[in-house]
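Before we start, here is the structure in question, set down as structure tokens.
Note that the chains take the letters A, B, C, D and E in the order they are written out, and that residue 1 is the start of every chain.
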Amino acid sequence: MNLGLQIALIPLLPLAGFVLLGLFGRKYLKKSSGIIGTILLLASTVLALYTAYEYFFVYGKVAGAYQKFVPLSYTWLEFSKGVSIDMGILLDPISVMMLVVVTFVSLMVHIYSLGYMKGEERFPTYYSFLGLFTFSMLGLVISSNLFQIYIFWELVGVSSFLLIGYYYNKPSAVAACKKAFIVTRFADLGFLIGILILSYSSGTLDFNTLISTLTSSGTGQAKAVASTFLGASAVTWGAALVFIGGAGKSAMFPLHIWLPDAMEGPTPVSALIHAATMVVAGVFLVARLFPVFSITTPGVLEIVGWVGAISAIIAAIIACTQTDIKRVLAYSTMSQIGFMMFALGVSKYGGEAGLGYTASMFHLFTHAMFKALLFLGAGAVIHYIHSNEMKDMGGLRKYLPITHITFLIACLAIAGVPPFAGFFSKEEILLAAYHNNPAIYWIALFTSGLTAFYMFRLYFSIFWNKEHHPHGEKQSEGGFSMMIPLILLAIGAAAAGFIPFGKYVSTDGTVLESHFDLQFSALPVAVGLAGIFIAMWLYRKESERPGKLTASIYSIYKTAYNKFYIDEIYTFITKKIIFNLIGKPAAWFDKNVVDGLVNLTGKATAEVSEDIKKVQSGKVQQYAIYFLVGVIGLAVLFIYIWK
Amino acid sequence: MNDLWILMKSELVITLIIFILLFIKLSRGMKNESLLALTQILLLANFIIGFFFNKQGSLFGDMFYTTPLIVLQKNILNLGVYLISLLCSGWLKKTPHLPEFFMLMLSALLGMFFMISSGNLLMFYLSLELASIPVAAMANFDLEKKRSSEGAMKMILSSAFSSGILLFGISLIYGATGTISFAQLSSQLDGSPLQILAFVFLFAAFAFKLSVVPFHLWTADVYEGSPIAATSFLSVISKGAIAFVFISALYRVFQPLQETWYIMLVILAIATMVIGNLFALRQQNIKRFLAFSSIAQVGFILVAISSNDSAGISSVVYFILIYVFSNLAAFGVASVITDQTGKENIDDYKGLYKTNPFLTWILTLALFSLAGIPPTAGFFGKLFLISAGAAKANYGFIIVVVLNLVISLYYYLRIVRAMFMDKNEQPVEKIKVTAAGKFALILCAAGIVLVGLLSWIYDYIVMINK
Amino acid sequence: MNGSDIIFYLLAALTLVCAVLSVSTRQIFRAAIYLLFTLIGIAGIYFWLDYQFIAAVQIVVYVGGIVVLIIFSIFLTQQAGEKLPKQKIGRKIFSALAVFCGFGLTMLQVYQHDFIETENEAITTNVADIGRKMLSTNAEGYALPFEVVSMLLLAAMIGCIVIALKSKPETK
Amino acid sequence: MMQPGLYHLLFISAALFFIGIYGFFTRRNLITMLMSIELILNSVNLNFIAFNKYLWPHKMDGLFFTVFIIAIAAAEAAVAIAIIINLYRSHNSIDVENAEELKY
Amino acid sequence: MNLLLLILAPLVTAVAALLARSKWQVRWISFAGSVVQLILAFVLLFAFQNERGTGNATQMLFEQNYNIFPAWNINFHLGVDGISVAMILLTSFVVVAGVLVSWNIEKMTKEFYFLLTLLALGAYGFFISLDLFVLFFFLEIAVIPKYLLIGIWGSGKKEYSANKLALMLMGGSALVLVGILGLYFSSGHSFDLLSLSKMNIAKGTQSIIFPLLFVGFGVFTALFPFHTWVPDGHSSAPTAGSMFLAGISMKLGGYGCLRVATYLLPEGAKEYANIIIILASIAILYGAFATMMQKDLKYINAYSSISHCGFVLLGIGMLTKTAITGAVMQMVSHGLMTALFFAVIGMIYDRTHTRQVSEMSGLMRMMPFISTVFFIVGLCSLGLPGLSGFVAEMTIFMGSWENADMFHRIATIIACMSIVVTAVYILRAIGQVAMGPAKESFLQLTDAKWNERMAAAILVIGILAIGIIPGWLNELLKPASEVIMNKIGAK
């Protein structure tokens, strides 16, 4: 099979599912839509795996380094010579990896949803949206063109919007989907302007050309660096703005506010979009442009690192206080993406120094597994208990044995307990930070302790603690379809760490040998275990300890519980400043001043017309006087003035 | 003297018709219906004859001259009179003095013909009087109505006053140049202050007849008071005739004073349009409304006249032709409605479309044509007027002109709105239009549409103007 | 100053004074009489200028026709002794002002203009000549205006008859 | 005082003209307004005659003009009086200010 | 292809509609006529591409020239280039949809369809005429039907709106008239677009005439601050009226700004480009903010039209080939989109009898089709890739960015900012109208009928055809905007 077509089929199959189910699902495919979607995605997954195999083991490596291939490129819209949006496929290690991750997690979610979403009225719609999302995400990861990635970026955003708002009759879901879209849209503004700047600086939109123009010293780069604005070069601005786009989609501080709310969507959707795939798009974007960031604009890369670190810790702190399990997971996601982000930030280009990059991608990969697992497990719990609140749960390990085990594996993975997947990737990240930016390293270390704490707080609250749930009768754990993905993902979460990632993914395509240093690992593992034990001490059994603890640090607790009031600040800015200070005055101005002037013209005309009606007095003698005055006036005018 | 029969054919035919009517009146008389039909036939014949035997030449020294263009102008007026005789047949049938009315109208028409053809100031003055005194009498034909006699009184007094001014001007010109013949005058004028003064006097009299601001004040009162047949005659035929004369007087006779009258025309055109529009905005009576709208139209005619080239003449002639159709259609509808219901107010037109779609469409078409909206001929007419005026690249002036076009649209649309959109508890009941009226209205409608789209009509005017 | 001059000034004075009185007296009948005198004064001036024909026409048409007509109509419409209503003083002042301006302007232009009095031989203006010219169709003839005026008179006659004849009151 | 000439006549006629106009402006009675019109017309006649006499005596334009003006004045006066009488019938008055129904 | 057919088809339709006996006949005649127009537009498209394919690079294709009014040198000169073809396609799409949407008009059906078709006639004529006088003729033809459509079939304060619209548009066209006359007299008496484009008009004259023409046409396309007819006009018009108004009529202005003002007066365009950009930027952002505050669905779309049409003017003002291409794309895209938006609003209004956003909720449940279309059009409006709005806006942005100085940059960024504000108001509307709990009183409402489905489908197809495969439109427009840019001669 033609390589281009083969890879193109990977996103196109879900798209076909979207079109098919979107147009005919509601009427004709009500029952079978889930199966259709899943089968299509299965095909995609198989293709993706096959592609990965072929890329990594058959043709990808040339002269000791993985190469970038563009097997397909179609000029979609040409702006001017050389600057065009091309729809193409760019094959390199990270895009292939992402293909696998996305299709795999998506497949899991598809299968899981067969059980989870059973009986929903808009079942076909759900699957069609899933298809759309998968298509967009796949398109995003294989983009060969900066604008192409933006296009799919937006499509991803809208499918996320649609899926969050799936329960459209729930006002909170509506608010959440709007918020998610608008916040990311705001970030995309930065992205868009960044694209404009970069494309103008480099004279192209194609990734390969763009990167080579901007990174290799030549006229292109010189031009891009030379023009400055407010002290920074054009390309710096461009890179920073592009990063804002990425930060928005990846829920980095301070653009993260949409992510927790996005949990209003169905839980499998959260697993797919808001844990495993879409939210890492920002990381992916930075990775995609990594040469530009690291070579041309190291300053921006540092910002990336700090933003990642701050997001990681803030999210972790907030996660410790939340009671809605999905929200806890959401903040955890944010925190983990922070890890990935700062891993990129502390990386350099090429060779050993590129460890952070590899680590980041590795963590992305493992995180996809265990975070999807966590969400799906949480989904199973919610499915069983019909509530998101921790206080309604407890002691579920007896009722949900499989969920319990898989959830535990995931928690151990995320806490960085060896030998689970999270341990390996996090270890690499910390190592990279340690070497390049000690400050970030310490933050990260503390955060990983917090991570272990809040994850196990969650775990113990759900599966141990006191039984709260009101459902007297014993229900089943959920169907076969829900269990399969859990088990598969658990296997992934447990074993993915052993993949020698550095062999395949590195900044320059060459092999990066990962080496483990037991001395270095000791501290993080210890911190993680400490977190776990504290959580166990506090939450394994029902006790008064958590209450006391929160009471002792109440103000901090309150602040964290209220997510540092960032939502309130946003609300203030939007409601008070944008709506009241810009929107309302604009509307008022339009209605009263601009339109007022138009109406005034009309009124004034009518007024004048009314005022001069006296001239037409009906007195014939007065008419004659006007006549004579007119004659005299004209005569004087033309005899004396206008000769 | 063979030429006499050909060159003066229009005048002779009209005179003949007057005498036929006079004899009928003096003999036993006839029923109104048949008399009207006869007159209509005679007028139609007159109109048709107008197309034949066009020749250029002059008679009686230079007192009377004619060119194909003049013949065309006269024939446009013929057409107008014919249309009036059809459109106002409802009122005409009822009037007890039908032959007299026609005799007066035709005398006035005869006066206009002589006026258009006049070759010296004496002929001009006499024919002007011939064209206005009978009209004053016509204005009083609704003998029982107070308003009619008030209108007639205003008309005769103002026009006497204006002819006084005119005559004073003529006398001064005569004194300053020693001649009253147009041909000699143009070589004698040198722009001395006295001549300017005399010219202003003369100009004012023209302006009075043409209803140019500030000499327009009589117009609305007279229009409103007069019977609608007289009003339409005044507003269409009189206006047209005087416009023809005005333009040829300025171009032929007062060419040496061109710089003076250009500015004068610009000022007065603006004043006329603005005042006409402002007054038209708030009129209630349809006739009064049409009076002010016609004042505004005159403003546009002045714009074209100011161009001082042949484009000005042809566009004015063309516009008058269109104006005849459009304005007469409007008056025709108003006449039918007034005749059947006695209603003259625009408010009474509310909801007219429900009951009388035919009349509404005609009136709408006419108003659109007056407003200059395509595809009606009025669009072309107005546009050519403005184009002619724009030749001097006087952008400020032209902008004022076109903005007035917009204001005028407002009040034309007001009537359209009343007819189509406004609700009315007691709309005008369904009106039966006589066959003649219907025919004339359709004729007007056809004219409104076709005169614009058939571009050879304009080309013909241009051709005979050369 | 010779006798002829004196006559002229007297005529002029008569004309103007009577004119002023005619527009200012509050007795309508007197106004008509003053008008009559004005017209006669003008006729006198025509005589003084040697234009007997015009003077005659003036007397016949104006004095004998129009003034009589006016007096008849006064009788028809008004009691003779009744005083005319007063005009508003503002209107009077404004009119006077406008009229003075007009008069001043006109006279200024007239006096500034150089009328070249010709030495051309005046042609005779006896009635026969005038009559011949009136009906001549030549370049110097006035047949056409004559016809026009006759049409006008016809039309005016018709108009007057229609308007002024008492029509039957419409009862229906 | 000097020899009476053209300018004297022009003065008289102009004065008459404006007296007539004044009358036309201020007289409220329709018939007196008509009389003012006659004054105006007469002043014009005087102008024509004066010009004809002093400036262009070799032609008779002015003279004929005067003749025709007189004729027309008669016609005009006749029609005007007819209209006034008609007005009197309907308004029972010939005061111009009683006939101001048509306005604005 | 004979371009006269494009005028004749609506003309025949209009006359036939007037002669029809029953409402049923009127509807089907109009529908058939509109389909014929659609087919003609496609035939034109293919013929055009065929002709270009054979290497015919003449500026205008299918030219026809008839001398009418020789005295004024007025010719009935027709011809099309890529831009015109695109606009004609747009018009034909909107016409079909408009006819379908109005299927249930019971009041004066005949007149309604007559006026609708007349409006279409004006638009077709406008887009194909190459003589300024004829162009002006068609421009004005398209005004009065709007007045009547709003005044008779409209709602709300319709008289006021109709008047305002007619007067402001007429005012605009009056300025256009002055501009055209200025061109005529300063060019040696020619109205012909092509021969005018070859003349060099003095710079001083250009700087007088250009603002007249641009503002004149600008009024039609909601140039700030002459846009106030838009909200009132749109909101009062009947559904098809709004569709035609926003979908076709506003495009007349944009087309005129480009084809007449900018193309014929390049010096003037350069001189005033910055002012245009400022006004357009204001319109874009300010329109968007004003939209945010609107409560009535039609007002929302009307104000958003102001914002979107700002893009058109921005693209023109930027004076680069890409930006101009983008401006035309935006015209086509906005035309389709806004027509669809109004169609949807009309459908919703027909059922709920309200247009207040706050009074609606959860319509998705009862009207999935309508709501889906509402989603699509909303997303198109906020520039979602895959729908036409994205393509057009991005082309404009890319074109604008080609101007490397700070002023243009800032203007572009301001314009970009509107994509966020647009998202805010669109989502607000969608969230309130389509989503949320369904209202009790709305539970009985039904989804779209066949005619409404067809109308929406046609426009959605148009939107997708541009959104998914923009290449063809781009190829169609590029050469034409290149001609314009070559004349302007910069960049």
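Simple rule for what comes next: a contact is a pair of C-beta atoms (placed from the backbone, for glycine too) under 8 Å apart; a residue touches a chain by one contact, two chains touch by 3 or more.
What you are looking at is a predicted structure, and each value in this text was computed from that prediction instead of being measured.
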Partner chains that chain B and chain E have in common: A
Shortest walk length in steps over touching chains, chain A through to chain C: 1
Chain located farthest away, centre of chain A as origin (C-alpha): C
Farthest chain (mean CA position) relative to chain E: C
Geometric centre: closest chain by C-alpha means: E
Between chain C and chain D, centroid-to-centroid distance (C-alpha), Å: 5
CA centroid of chain A to CA centroid of chain D, Å: 97
Between chain A and chain B, centroid-to-centroid distance (C-alpha), Å: 77
Centre-to-centre distance between chain E and chain C (centres being mean Cα positions), rounded to whole Å: 70
Multi-partner residues of chain A (at least 2 other chains): 613, 616, 618, 620-621, 624-625, 628-629, 631, 635, 639
Multi-chain contact residues (two or more partners), chain D: 10, 17, 20-21, 24-26, 33-34, 50, 55-56, 59, 64, 68, 72, 75-76, 79, 82-84, 86, 89, 96-97, 100-103
Residues within chain B bordering two or more other chains: 122, 126, 129, 133, 136-137, 140, 143-144, 152-154, 157, 161, 172, 175, 193, 197, 220-221
Pairwise chain contacts, counting only pairs that touch as defined: A-B, A-C, A-D, A-E, B-C, B-D, B-E, C-D
Touch list for chain A against partner chain C, complex: 621, 625, 628-629, 631-632, 635-636, 639
Residues of chain D that touch chain C when the two form their complex: 1, 3-12, 14-23, 25-29, 31-32, 34-36, 38-39, 42, 45-46, 49-50, 52-60, 63-64, 66-68, 70-79, 81-86, 88-89, 94-95, 97
Of all residues in chain B, those that touch chain C in their complex: 15, 18, 59-64, 96-97, 100, 103-104, 107-108, 110-111, 114, 122-123, 126-127, 129-130, 133-134, 136-138, 140-141, 143-144, 152, 172, 175-176, 192-194, 197
Chain A partner contacts - residues on chain C that touch it in the complex: 91, 94-95, 98-99, 101-102, 105, 109
Of all residues in chain A, those that touch chain E in their complex: 26, 75-80, 83, 85, 147, 150-152, 154-155, 158, 161, 165, 168-171, 173-175, 177-178, 181-182, 185-186, 188-189, 192-193, 196-197, 199-200, 227, 229, 579, 582-584, 586-587, 589-590, 594-595, 597-598, 602
